[in-house]
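Next come two complexes, and both contain subunit A; in the first it sits with subunit B, in the second with subunit C.
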Partner chain A sequence: MTSSATGEKIKRVLMYAFLVIMSFISVFPLYWCFVSAFNTSQEVLGGKLVPGGHLAENIQHLMEQQQVFTALKNSFVNTLLVVVLSLTCCSLAGYGFEIYHDKWKDRVLGILMLSMMVPFVALMVPMFQMFSAMGLLNKYIGFVLPSISTPFLIMLFRSNARAFPKEIIEAARVDGLNEIQIFFRMFVPTMRPTYAAAATITFMNSWNSFLWPRVIMKTNESITMPMLVNNLTTGYIIDYGVVMAGVTICTLPTVIIFFFLQKSFTEAIAGSVK
Partner chain B sequence: MSNSEQTKKPGMTMERRRSLTGWLFLLPGSVLIVWMSFYPMVRAFLVSLMRGKPTALEYSEPLWRNYQYMFKDKVFLTSLKNTFTYLIIQVPVMLVLALIFASLLNQKDLKLKGLFRTCIFLPCATALVSYSIVFRTLFAYDGFINAILVKANLLKEPVNWLNDPTGAKAVIILALIWRWTGYNMVFYLSSMQSIDYSIYEAARIDGASPFTQLTKITMPLLKPIILVTAIMSTNGTLQLYDESVALTNGGPANASITMSHYIYNTTFVTSPNFGYAAAMSFMILIMVAILSAIQMKVGDKR
Partner chain C sequence: MKKLLAVLLALTLVLSMSAVAFAAEDGKITIWTWDPNFNIASMKIGADMYHVDHPDVEIEIQEVQSEDIETAVAQAAVAGDLSTLPDIMLCQDNSFQKMVINYPEVYTDITDKYDFEGFGEAKAAYSTVEGRHYGIPFDAGTVVAAYRTDYLAEAGYTVADLTDITWTEFAEKAKEIKEKTGKPVFCTQAGSGDWILIMIQSCGASMFTEEGAVNLKDNEAIKAAITVYADLVKQGIILETNSWDEMIGTLANGSVCGTFNGCWILGSIMATADQSGKWDITNLPSLEGIEGATHYSNNGGSSWAITQGTDVDLALDFMQLYRNVDFYNAILPTTSAIATFAPAKEAPNYTAVNEFMGSPVFATIVEYGMSVPSNITGAYYYDARNAMATAITNYINGADLDSELAQAEDTVNFAMGF
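Up next, the complex of A and B:
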């Protein structure tokens, strides 16, 4: 009896040890990156684990080497445009597919969903051709256009629209609201958590996107933060303190969103497959 | 508004009017997907049959010439092999780890549950480029990992991880597991919440070990979601780009390059060859389709 109890105890200790080690491994690289932004290149490589006093110096060097403000501005404008436009477009579509669904609309949805399986890289060459023909290289709208309508967000809004009570719609119709008004005045306010979830994941995806801006942003004035961060490591002499300062600046917005909106973020990830 | 005018129109029933309104709602989103996804897909196929400079593309003779060339192209074959190495090693390890984390964190009496979950999920908040560069720095020759391993006497001298074909690939796999395990765990955790906890209690009373509980209760019940994560991870791994660029830059000498990275290089670096790049990207599309179909078939049978 006592031996099995000690066995249980040992098992529990081992389990907690495992979880602590895994949590440590998960957090460590990020912690190390933030700390390294405060240290010199030498200290970074040497493995200094506490922040030093070189943050200002690193950021100053970073700004001498790269157009940090331009990249930050571009990333914010690109990302906010994508969030606003894609939430509007996909919530309208998700609502339409669910509330007015009939045989034909369901078929259309089925076909659109196939595009979820299309890897972006398969479209890279024709997309580049299309966007340069339309004169959209180096422009915000060029970055935004392919991300506005995604099957992922349409599905998220559609599955959440299913829970929207039909009686509200009927009552609103009786009250004389037209269909557009019903959407904006009834649906949008009640779906706030869904919008928050969609906004969180869209922000993360757009902010972090790298391949697409690399395809169409060809000037120094149009680069985004991930592109800037990647540029930092292409020189002959790499100052790791500066690199980590750049990585930290690039990572802060998404990490802040992660901590404040973790619930929305998990809902968005898990909600898409319900 | 237009609605009240339409009401007066004879022959336009309420049903029909609503159906048309519905189409209006979904029109912008649908048009954009067709324009930004299906149309380029058709064009990608057409371009994949062409040769020549980007400004003077012509249909090649024979039409499938780009596809033929692929199997003689050593770099393409390396990138194909690398991508599948990443797929075969990383995806199963990651999904099993994610399942283990999820079932540990699903225990009712676990303390600090929220903290563990947040920590394991945190890597998802980082940009792919950012974490690639962090790993690249950690695994540099004069970097932190080597310093620690040498200090702990686990290594006699520093290993040049990123300059070794196997080492570079291993670091990419480690980095991928670090970045994506928490992401997949979230799927499993949210599905586990719908499993009645009393099943586990009953199993424990019957003397089932945690491992048996995982394989006999959790995994069969989570089968659909495991399938979804497997398909998503496969799809993602076949498209790996950021890590190949920012962590190893494909090196040493293309030893760790992924297909997407090679396609990007063929499209934009040195002498651009749009036709050949399109042909290779079409191969990825076909592979994604085939692998997903296989996974769905296997998932159905089990």
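Up next, the complex of A and C:
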């Protein structure tokens, strides 16, 4: 064996060792969370790493303490509305900024990007006052409205729209399609991976959204899953088995979505960085 | 377009009017509180008891977290619209004065409308501002020192040996207990500052003067408390954990001989079923050489506030429950919420021997609660606590205590705008 082949082998072993360690660090919290949902509070505190037989008990206590189905329903409806509306709105905007490109639109986009720098907490109080005056507290629409248009999604769609061949648009115009038809018939089907990535990001952000719903959702009937999990940790006595059961239920949808869309997600993110 | 705008405006008007009508509805009490196993469960039992004589009154209990209630009060006060608030809301005792001082328009002065006799003086003082009462006391945060009796026996001690002692005596005995059992005697969360506050309140001292000025650098009680605490940490008698969860873990795993904290800590201790019969409580050691030093203090607890602009008479009628011994007796078994209303200690569930602890601990705690000296929390309690916690950590790491406390005082003064 030559020395370069040995060097290659060592490099490869080190790389795999590094990847294994990093994967372990990433996956272990999830594993611990799922396993702990099967254990009692005392076992969780004792660091038990194998599942026990207390899942049903933990879920039963969770149901007794919190309105789990209401929270799940609210989170799903909120998230679905945000995903559909924000993808429609932001992809149209991203497409427009790229295809009907001129220097003024670039400036508008610059201002939009600048708004990413304003922290949400700075907007929270005036937004609450506005939503309260409009009677939008405790309503789905109150949750959805601020998330419909985000600079990040507009930027993602705009970057990916660069790869969309302009000749197709010219050809479609010659064939008699109007601008809206070109967008829906030509652009949307081609950009499927971008939509999948945007859907994944929006789903995760919206599902895990905590601060805004906490500000505007004031009744038990409008509670969302992250708010429910937070409720479990604020008492004098914390049942860690129940908390982990709550966290598991809250985490599962995002894990499932990510597994289904991860291929498109990586493709589109790589595409937008190009 | 004009038509659409008119419709939208009309709709907003109708919605806001219906919201006002909703808030002013007769025979309905809305309550905001947190913790389904404790405050909410207690209120539900209270609502059932109240419904026996008032079946027509609707009582709606909403789960809202403590910080969210404070945010909602601030938002409502700033917007000048109290209709978004409930009739009754719970407030942490340490925040009560801050909230009343900052948003006086929200809280109803109930001094002449509610009988405060029987409530612990220190407890009622938390919700008192300039001699006026704004809160109805609820659960006790009376401090207990809880010990593993089996570990103490291993070292040749009983809980009686650790009762009515000073911190110096405690340090001597704790050293021996640690040597013989190999376990730290107490555990606490590092950098929280709670223990120092417990110690200084046991002397009737505060981080603020009665005039509201910050009082850290020349406060003898604070200096004595920090010196005692740091010494015990350095000797390994007190184990400092990095997080609250880790601290609860040391109790559950039996890796320490005990803890001292608000009596609500017993809930976490009693959750470890395999340790039944191995625990007992007593009072806490007192600080030597400090005027007014006692064995009693407080940490945590909360009180109920009634919002202005609501049906105050109805809310107060409902809140008479908190002067009812039967109510405290009824909530104790399911919630472990311990009263600050002295007559409750005679209730059957209070005088009964607690199976887990092997003594009538709840009556003992109510008794302790009546001897707790009061302190001043003011509007900058948490700023002062955090500044002091930094001073404690730095002192343990070798800094000079006087200059650290002077620095902490400057930090709080800056926060207060001086």
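Odds and ends about this structure:
Here, the second predicted complex is superposed on the first by the 239 of 274 C-alpha atoms of A that agree within 3 Å, B and C clash if a C-alpha of one lies under 4 Å from a C-alpha of the other, contacts with A are read in each partner's own complex, and residues count from 1 in each chain.
In this section, a contact is a pair of C-beta atoms (placed from the backbone, for glycine too) under 8 Å apart; a residue touches a chain by one contact, two chains touch by 3 or more.
None of these values were measured; they are calculated from a predicted model.
Because the two structures share subunit A, they can be overlaid on it, and in that overlay subunit B clashes with subunit C. Within the superposed three-chain model, A:Asn178 lies in touch with subunit B and out of touch with subunit C [touch as defined at top]. In the superposed model, A:Leu80 lies in contact with neither subunit B nor subunit C. Within the superposed three-chain model, A:Leu145 lies in touch with subunit B and out of touch with subunit C [touch as defined at top].
With both structures placed on the common chain, the touch criterion links A:Arg214 to subunit B and to subunit C. In the superposition on chain A, contact is made by A:Met204 with subunit B only, not with subunit C. Of the two partner chains placed around the shared chain by superposition, subunit C is the only one that A:Gly135 touches, whereas subunit B remains out of contact.
Residue contacts after overlaying the shared chain place A:Gly235 against subunit C, while subunit B stays out of touching range. After overlaying the two complexes on the shared chain, residue contacts for A:Leu72 are found with neither subunit B nor subunit C. Touch criterion met: A:Leu45 reaches subunit B and subunit C at once. Which of subunit B and subunit C touches more residues of subunit A: that partner is B.
The clash between subunit B and subunit C in the overlaid arrangement falls on one stretch of those listed (9-17, 153-161 or 243-251), that is 153-161.
When the two complexes are laid over each other on chain A, subunit A has residues 45-46, 125, 128-129, 214-215, 230, 240 in contact with both subunit B and subunit C.
Taken in their complex, subunit B has these residues touching subunit A: 1, 3, 18-19, 21-26, 28-30, 32-34, 36-38, 40-41, 43-44, 47, 54, 101, 104-105, 111, 115-116, 118-131, 133-138, 140, 142-144, 147-148, 178, 182-183, 186-187, 189-191, 225, 228, 235, 238-239, 241-242, 245-246, 259-260, 263-264, 267-268, 274, 277-278, 281-282, 284-285, 288-289, 292.
Remark: subunit A residues 15-16, 18-19, 22-27, 29-30, 32-33, 36, 44-47, 89-90, 92-93, 95-97, 99-102, 105, 108, 112, 115, 117-130, 145-146, 148-151, 154, 178-180, 183, 204, 207-208, 210-211, 214-215, 225-227, 229-230, 232-233, 240, 243-244, 247, 250-251, 254-255, 257-258, 262, 265-266, 269-270, 273 touch subunit B in the complex. Touching subunit A in their complex are the following residues of subunit C: 12, 15-16, 19, 34-38, 62-66, 68, 71-72, 75, 78-79, 81, 84, 245, 248-249, 252-253, 264, 267-268, 271-274, 300, 336.
Interface residues of subunit A facing subunit C in the complex, by the touch rule stated above, are 41-42, 45-46, 65-66, 125, 128-129, 132-135, 137, 214-215, 218-220, 223, 230-231, 234-240.
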